[in-house]
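The following pair of complexes shares a single chain, chain A, combined with chain B in the former and chain C in the latter.
Showing the complex of A and B:
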């Protein structure tokens, strides 16, 4: 029954994709609407199937296609994969609704068809990765996922910047596949099983396998220092795709890490420490890079790195606590990590959709040129605010619920017998707390500079609210953020997990009551109000130039971290008079060194270029040379064959 | 006369002589002697095919023998000599990558390498010792021809390298592969084509491939690099 439901639903999504692509012959809005609407029942079907599996704690094996025992595309669902499929499908459904309106804003009709068709394939492949029964199916779907998302990133190919981002992304994602291939093959040769859920015993080359999986999945998840593709690709892609990539595709990589961690028969302490370390690094550096960023989508992308860091911290804590047999703490951290995966998917997709609305309205990604949008786009602003509050982990929203779980398990670290590990975990806790505060600061900046005050550009002053479907989709997600936050305690109870989550329902009721009373008091008590212009220091007119800019907002924080980030302040001033008293023109900029780009990526790239030049010297167009190469190759193969045969 | 032992001895002698001609092809500087050596090498091959026909009685071997005799031992060398009369160069003194002596040393190493490979293969393929020797010398001959191609600069010498290579392939074919007769004929046609092309190249007075490119560029027949 579940099998049929799942397969039929997937077939429907595939049909929708084919429909959209066949619409390329004659691009037309009806086809697009039709194929997007067709995807919705398919996604709904998969949601039902995955909830079913989760509720019943079932294990479903779906044989689909088998070349041989090893090369089979089979599906397997258990609670873990069903949970991630649920995340994928909920977000994808909202993105589909959003795309109804968003796709029409793309410049070329053919592009719109492509975007829908590729999106269907992308969604299917992500479901495929999570549902795969064996490594072969996983890698196959992984590749389809990488390629389809690559084409989606370069969809707006007119801009050279997007192509560069796409190539960067493609290289990194292929690198991740290489590592995964390696680890899957080594795992197979050691355990003799290709099954994704086969338990991994303590084998000799376990650390090698784990390193491969960490690099492979970590690159895709965007863990620092493997994160560099993420801000480029997310800002290059159309907003609906960014929502999918950031909300969902990163979670697919997290699923991989979680699956591997759960497969381990005895988790090595090192695995937990490495995960914790990389997670902490990603969380803190991600948010600080985000603070510096003025490109709205890049800012959100860096926040994805931060949130992936949080999730990986949860997995790391789970591994460490399991190593020391602290079951309750381990359970709390795992639940925190998984719950945060869901939450991040919800609010990050929401934020990307809202940013899509804003960018469509203002036609720039630079938040310095926005401002005042709350008056022009109230619905988008309201929804963005909910998302921002959720990602900043404010109660009673879902971000708070999952981060408090992680905080609780952090605080249990004093039970760890090894002093050094305990100190490490507490150090990580300090960084985690710092990160939470900085994230809130960053979203104050993002929301404030984008939506509040006076418009700082003509486009921002003329902005229009987005179409209904582009409001409805993030609104659904905002609703889910609230529900999941408020009901977190009850949801965990329902699933039979007794976790240290505060019951947010009473808090919410109190908040709502207070707000309601205040509102009613203002409305009906007729408190005398004095309306007067704000004092503006005696200046005749205050325009947008006197506003607090994003650079100004982040400057103190960046300066604070300047030893780590090598920030450089560049201030240029020119004066109209010789006494340097009347300012003619001024410009200030803060530059941070791209530490990973300059210290890791560029040296690697330069090394590859050097090898490339060396090799290309061999190809000099001299016939004799080429024959010599052929001769040497033959001689080597003869000698090698004679030696080894 | 049908004594198998005697035939085996004759074949051995012929093979060793062929190997000797290959060494001479590598080292010979005078073009005229080079062609003579090639002619002798082809003659030895024709004889070898004849002896094999004698031993096994396969008709196509006789045809191969005749064809080799007529084309490679007589027509091609004649053609080459006529070519030589028309161009001013009489000797090819330029060597690249390998000097003649080191070429010979490499050939010796090569012979051992090839022998080692086919010796290991011979268990599976049921070679007789004689056939093993034939295949080893055939492959080595082809590789030595290749060595001539890249270590000499003059086009006309390179052509002899190609021809030697083909002889090696033919020798290998005689012992192992039993190539169909039609393929032998086709290869022969290819050889004649090579010769025609080579003469086209060689009629240029300076006659190296680089200078040929240079001339094509002067006429605008080849795109600038």
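Showing the complex of A and C:
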């Protein structure tokens, strides 16, 4: 029954994709609407199937085709994969609704058809990765996912920077596939099983396998220092695709990490420490980079790195606590990591959709050019505010509900017998708290500069609210953010999980009551209200140039953390007189050093280029040379055969 | 069962109400002592009540540029702060497990209030408000790890993350059982100074641009809205004071509801709070404002002490 439901639903989504692509012959809006609407029942079917699996704690094997034991494409659902499929489908369904309005803003009709068709394939491949029974199917779907998202990133190909971002993304994502491929093969050769849920015993080359998986999945998830592609690709892609990539595709990589961690028969302490370390680094640096960013979509992309960091911290804590057999704490951290995966998918998709509305309205991604949008786009602003509050972990929303699980696990760290590990975990806790507060600061900036005060450009002053479907989709997600936050305690109880979290419902009721009492009281006082211009210290008209800017807003924090940024300051001056007092010509420049690019990426790239040049010397197109190579190869193989046989 | 429900309801009504009513007094005491220390007579300790009464009668002025954020921020602010006030028992301890008094929840409710206050600061498009918001969020960002680590240390020492249980533990044991709490007490005091915008972090008396943090952020507020902001600021101060007092000097805190016990609790909390106010005022007058970008080193004292507590407890 579940098998049929799942396969039929996937077929419907595929049909929707084919419908959209066949519309390329003659692009028109009816085709597009039809194919998008057709996707919804498919996604709904898969949601039902995954909830079914989770509720019944079932394990479903769906054989599709099998050439040999190695080359088989089979699906397998259990609680973990069903949970991630649920995340994919809920967000995808909202993105589909959003796309009804959004794709019509893309300039070329053919582009619109492509974007819907590729989106269907992209969604299917992500479901495929999570549902795969064996490594072959996983890698196959992984590649389809990478390629379809690559084409979606370069959809707006007229801008040169989008192509650059796409290539960057393609290279990094292929690199991640190489690492995964390597680890899958080594796992197969050591355990003799291709199944993704086969338990991994403590084998000799386990650390090698884990390193490969960490690099492979970590690159896709955007863990620092493997993150560089993420801000480029997420800001280049159309906003509906950014919502999918950031909300969902990163979670597919998290699924991989979670699956591997749960497969381990005995988790090595090192795995937990590495995950905790990388997670903490990503969380803190991600948010600090976000503070510096004034491109709305890049800012959100850096927050994705931060949130992936939080999730990986949860997996790391789970591994550490499991190593020391602290089951209750391990359960809380794992639940925190998985719950945060869901929550991040919801509010990040919401934020990307709202940013799409804003960017459509003002035709720029720079928040210094926005401002005052709350009056012109009230619905988008209100929804964005809910998302901003959720991602800043404000109670009683869902971001807080998952972060408090991690806080509770952190606070239990004193039960760890090893002194050094315990101190390390507490140090990570300090970084986690810092990250959380910086995220709040960053979203005060993002919301305040984008939506509040006076418009900073003509375009912002002329902005209009987005179409209904582009508001309905993020509004649904905003509703989910509130429900999952306020009801978190009850949901955990329903699932039979006894987790150390406070019930957020009473506090919510108290807050609402107090707000109502205060409101009615002041209403009763019948206070007169007057509207006048903002006090401007007696100067002439106050306008957008006198406002506080995003740069100004984040400057104190950046100043506190200036050692992290390693800015380069260059001052050139020439003077007209010998006393160096009358300036003739001057130039000053402050540039942020791209530490990871300059210290890691470029050296690796240069090394690869050098090898490439060296190899290309041998490959000079001369037939005689190639015959000589062939001859040498044959001689060596004969000699080698004689030596060993 | 019925008794537990009744006691919980009484707790939910009485505890925030008492904190709400006594908070302006503490503000007044600090102002009075500071004035005396500076050789002035100063306003009577009841002045904050008169000021609030005056503000509630004045008109509300909104800027042409401001939006609904400006209108809802004061209400949300008082809502979140009173929500936090239900998590810190000052008069009597509620029945065990009836109040979700998680320490992280308490801290994040205060962060929520701050979040909306900072947004309101940006709303009018005035540079003063923007500067205040920016500085407040920056200070809050570097203060947050210190706060969390301090409370982690306390949670570690007392072996619970529930505020009610923390107070119950300290009330039933003498302070000598937990010597490291004194170290975290110093950290808590520093956090109190930071969070309530006092010298050397901020100067609550001025709107000058050198010290503009909290006062600058709420500069566009007026009338009852300003009153709500002022009340929630005072309540926040009382809450942080209550945590410090009940952890270190829990004497006189009844563990269940009785009329006599609550009366005693009121008197003893008012007395202990007044003494702490005097200490705060003397601390404030004896220090100069630290330059904004030098503040992290002041904060680090608190972080260091809390980390020392954790390391001590781990080793012992």
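Here, the second predicted complex is superposed on the first by the 570 of 645 C-alpha atoms of A that agree within 3 Å, B and C clash if a C-alpha of one lies under 4 Å from a C-alpha of the other, contacts with A are read in each partner's own complex, and residues count from 1 in each chain.
By our rule, contacts are C-beta pairs under 8 Å (C-beta built on N, C-alpha and C of every residue); 3 or more make two chains touch, one makes a residue touch a chain.
All values derive from a computational prediction rather than experimental measurement.
Once the two complexes are overlaid on the shared chain, A:547 sits against chain C while remaining clear of chain B. Once chain A of one complex is fitted onto chain A of the other, the partner contacts of A:407 are limited to chain C, with no touch recorded for chain B. By the touch criterion stated above, A:277 is placed in contact with neither chain B nor chain C. By the document's definition of touching, of the two partners only chain B reaches A:621; chain C does not.
By the touch criterion defined above, A:639 lies against chain B but remains apart from chain C after alignment on the C-alpha atoms of chain A.
In the superposition on chain A, no contact is made by A:109 with either chain B or chain C.
Here chain B and chain C are compared by how many residues of chain A each touches, and C touches more. Legend: residue contacts after superposition of the two complexes on their common chain; A:630 is shown touching chain B, with no touch to chain C. In the superposed model, A:41 makes contact with neither chain B nor chain C.
Chain A contributes residues 621-625, 627-628, 630-631, 634-635, 638-639, 641-643, 645 to its touches with chain B in the complex.
Chain C makes touch with chain A in their complex at residues 12, 16, 56-69, 74-76, 78-80, 82-83, 86-87, 99-102, 104-105, 108-109, 111-112, 114-115, 118-119, 122-127, 129-131, 133-135, 137-138, 140-145, 147-149, 152, 155-156, 161, 220, 223-224, 228, 292-293, 296, 303, 307, 310-311, 313-315. Residues 96-97, 110, 113-114, 116-117, 120-121, 139, 143, 146-147, 149-151, 153, 209-210, 225 of chain B are the ones touching chain A in the complex.
Residues 372, 374-375, 378, 381, 389, 392-395, 400, 404, 407-408, 410-411, 414, 419, 422-423, 426, 429-434, 436-438, 440-441, 443-445, 447-449, 451-454, 500-504, 506-507, 510-512, 514-515, 518-519, 522, 525, 527-536, 542, 544, 546-548, 552-557, 559-560 of chain A are the ones touching chain C in the complex.
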